[in-house]
Amino acid sequence: MKVGRQEHTHTAICGSNPDAIVVRGHDLCRDLIGQLGFTEYVWLLITGRRPQPGQRAALDATLLAIAEHGLVPSVQASRMTLAAAPEALQGAVAAGILGCGSVLLGSAEAAGRFLDEVVRRSRESAPETAAREVVARYRAERRAIPGYGHPLHKGGDPRTIRLLQVAEENGTTGEHIAAAGLVERLLPEITGRQLAMNVSAAIPAVLLDAGYPLPALKGVPILARTAGLIAHLVEEQLRPIGFVMSHAAASAISYDGPAPEGFVESDS
Amino acid sequence: MKVGRQEHTHTAICGSNPDAIVVRGHDLCRDLIGQLGFTEYVWLLITGRRPQPGQRAALDATLLAIAEHGLVPSVQASRMTLAAAPEALQGAVAAGILGCGSVLLGSAEAAGRFLDEVVRRSRESAPETAAREVVARYRAERRAIPGYGHPLHKGGDPRTIRLLQVAEENGTTGEHIAAAGLVERLLPEITGRQLAMNVSAAIPAVLLDAGYPLPALKGVPILARTAGLIAHLVEEQLRPIGFVMSHAAASAISYDGPAPEGFVESDS
Amino acid sequence: MKVGRQEHTHTAICGSNPDAIVVRGHDLCRDLIGQLGFTEYVWLLITGRRPQPGQRAALDATLLAIAEHGLVPSVQASRMTLAAAPEALQGAVAAGILGCGSVLLGSAEAAGRFLDEVVRRSRESAPETAAREVVARYRAERRAIPGYGHPLHKGGDPRTIRLLQVAEENGTTGEHIAAAGLVERLLPEITGRQLAMNVSAAIPAVLLDAGYPLPALKGVPILARTAGLIAHLVEEQLRPIGFVMSHAAASAISYDGPAPEGFVESDS
Amino acid sequence: MKVGRQEHTHTAICGSNPDAIVVRGHDLCRDLIGQLGFTEYVWLLITGRRPQPGQRAALDATLLAIAEHGLVPSVQASRMTLAAAPEALQGAVAAGILGCGSVLLGSAEAAGRFLDEVVRRSRESAPETAAREVVARYRAERRAIPGYGHPLHKGGDPRTIRLLQVAEENGTTGEHIAAAGLVERLLPEITGRQLAMNVSAAIPAVLLDAGYPLPALKGVPILARTAGLIAHLVEEQLRPIGFVMSHAAASAISYDGPAPEGFVESDS
């Protein structure tokens, strides 16, 4: 069965023959291995071009900012999965990655689309007007402004401040960071709430200003988190806590459905 | 329900409070972001220690060697999944990672365990004796010697040669690389077949010699391949081929089960 | 870190103690096993109530209609994943399920939401007016009308016809099936194209008329397809075709990126 | 790149043309939908043959026994994943299925292989001798005897008793159930511990005696659990507890790695 109406029959990422593997135009063994760092290679793979130093710095900094934040839901899902299925590390990593969705890690992409819209609109009207318009539209559609507010770091996420510094130090600060700051200043007046720019806004702001492509934004938290997940899964093999966490989680919830007469639920 | 008998209630990877995120003893924002590259951070996350330059070089080189090799099965699965479910990039990445199993990408881990056994046994008997014993045991158990032979690069995988050079250049060559080479020399005599060391043996040889931990080996192809998958998924959004590949794949297979009289299968 | 503002701490699906497992108010061992079929149990698990015979028939018929349709992309992804990672059947099933997305299998849910809107609006205005309004809004938002048209069965999907018959035979035909038929009749005039109702519209029409809950619609193709995937994965263990399909798929695509001088890509 | 040496280019599960979908030799629309229940269809898909009533009863009973057991780790992983990524129900189902591994749900397959070995060996020597030999070999290889013992139902899993009754009622009791009971009687003497047959042994015993194929065993808990996961994910949409469970889980674990001077971890 042919599904859809796709016309392309090419890929521009990698080709090979028995003597050479060509990645984005470069001979992998002759020109890349031993000469490029992984961050540079990631940029090359995704964009087709080797990064400038400031671009590499932006990608390094954002990957570090989002790779690890303790026992968040996706890490828990991953460690529980390994505890139940130790034969397949890849399955436990996959379970963790599946939690990089719109609510948690994927919000960097949503914030990137938001900032991109503010920036594009700023080219036609004054930045503050543009920002107000985009925020107003989000609110009219009852959508949260992505990238502002944080349950833990209420006074301002320390990662945000540091990421903006790194961009400054590397001379890659541009209109997306400006837009992100502008929105942060406007939000209290518009929403009546103090909502600090969080890491989900800082990551796309820094990356887009460095020239990283918008459609690839979600790849950054996914790649970064994969590294964190692997560290947790190595620890889970040596000091398992997956079932301990599961026991605590189950104990927090009780059954409130109907039951046969006399039934008493066990403490989990 | 309490499953298992786990005793641990700690993690040593990351702790946080509203002011700081501590990763492996370092303040993430003060000491790491903007100062460490992602490869160094991955090493720190997994091992608890910052890497030496040769360690970073080994991890960079092996990540580059395995991140991308064209339209391999896991990439196809990932691109087909995105074509069918474009709303969830994380799902397409997960589908690709699930193919990092024992037959394809996971063989680096199997080869690492094999080399580790040869090396440990070499400390008690002569290396060649040790290698012959471990090979003999694998063959007695009808297991393939992991990390030798390749369907495409029959004359020797160019990545293998380059990875060993990088280890040489960085002074990290040690007993695992020696063991891998020794096995390569012994295999024709033992098996009657010329089986060149492939990248699945070179990766663990280089990493273990650099001090990378054995239980974390499988994380390297998984992390590397995640980067390749993201590049392919960005391309899939712009130049989709998922359904084209699926159509070609289905066309290669025909139905040979029973059928009602007169039924003729369509060309796919 | 506490994420979100969830207030619930209960589940109404299952509770247990050492003597009994209670599911939706029934003692699993005493009242359900040996007395209920799986389809009835699925309905009970999801809705909290045992199904009437017509409800069971509707769920059986729709599960059968969508469980298996040959080597579709999700089946290919699943079989390739098993070929690469035979140690984890669950991973191969998961890879296949990840393709139950908005474009392919998930379209039953989208069609369900569309039909639900037509039906709800029909309670306020004439059905044809209601249908025209909802179709017009979809088109204004440049969204396809979900559940109409099929790449293979252009003259009408035989599963659609049969599903509607089953509903008729069991007396569960109602306003969602009526709405689906009404839209089918209106579409040629509105869109200028003959678009037959496909199985993605028939499934929610039949299920919603039988009283199956809208938020659970997507579960039907996922559960059904899991059965198909398992059959394919059992076959893959006995007559593997995962890598044959992958080879054919790769052969359909060539590299068109830049390359070092003299590089000629291999035939896959 | 051609991977592996696969020779097959056929599937015997499903073929189609614009007029008909043929599944295992039957016209799906003409012969199956509306006439077969889902359980019968699952048996047909997997084995190629329609089940006898006792076979259907065995599959129904085992699916019911394993579909749902409250907030077990895989359900928690699934609900946390939906909370984080509500846009992809299929991702949350996949995350749950990935926990159907060797330790938890997959143990039914391991127990099936164990019982199969006892039964095959019983055809050559006395059943008790056969059972003792297989148990002895497992213990020599330091493997647990799969399917015996349970953390919650120490006095005997009520599902086990009920499953064996269903087999009795349907006249499908045979040598696998006999072997499972024999092992249960021998274990206290051999191991010094009272280890009741649990549901992971009863499921394969009942299924194999009914003629269900060994290589498809793992599909039963996976399919069953998919139904349970869908019920939980529907509930998670209406009464979310994913983040509540995650918060409780994180609170049970504390950071014991190194930290900068003065760092105090937050209560989660």
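Order as written gives the chain letters A, B, C and D; numbering starts at 1 within each chain.
Quick note on the criterion: a contact is a pair of C-beta atoms (placed from the backbone, for glycine too) under 8 Å apart; a residue touches a chain by one contact, two chains touch by 3 or more.
From a predicted model like this one, the values you see are computed outputs, not experimental measurements.
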Chain separated most widely from chain D, comparing mean CA positions: A
Copy pair chain B, chain C: interface residue numbering same or different (half cut): same
Mean-CA-position distance for chain D and chain A (Å): 34
Cα-centroid distance, chain B relative to chain C, in whole angstrom: 34
Distance from chain D to chain B - Cα centre to Cα centre, in angstrom: 29
For chain C, residues that touch 2 or more chains besides their own: 1-4, 9-16, 18, 20, 69-73, 83, 85, 87-88, 90-91, 94-95, 98-101, 103-104, 106, 152, 241-244, 246-247, 250, 252-253, 255, 266, 268
Topology of the chain contact graph, where touching chains are joined (line, ring, star, complete, other): complete
Contact footprint of chain C on chain D as seen in their complex: 1-4, 6, 8-16, 18-21, 23, 28-30, 32-34, 36-39, 41-42, 45-46, 56-57, 59-61, 63-65, 67-71, 83, 88-91, 93-95, 97-101, 106, 152-155, 158-159, 161-163, 165-166, 169, 213, 215-216, 218-219, 222-224, 226-228, 230-235, 237-244, 246-247, 250, 266, 268
Chain D residues touching chain B - in the complex, by the definition given at the top: 1-4, 9-18, 20, 22, 24-27, 48, 69-70, 72-73, 85, 87-88, 90-91, 94, 103-104, 151-152, 252-260, 263-266
Sites on chain B touched by chain C in the complex: 1, 16, 70-74, 76-78, 80-81, 83-88, 91-92, 94-95, 98-106, 152, 241-253, 255, 266, 268
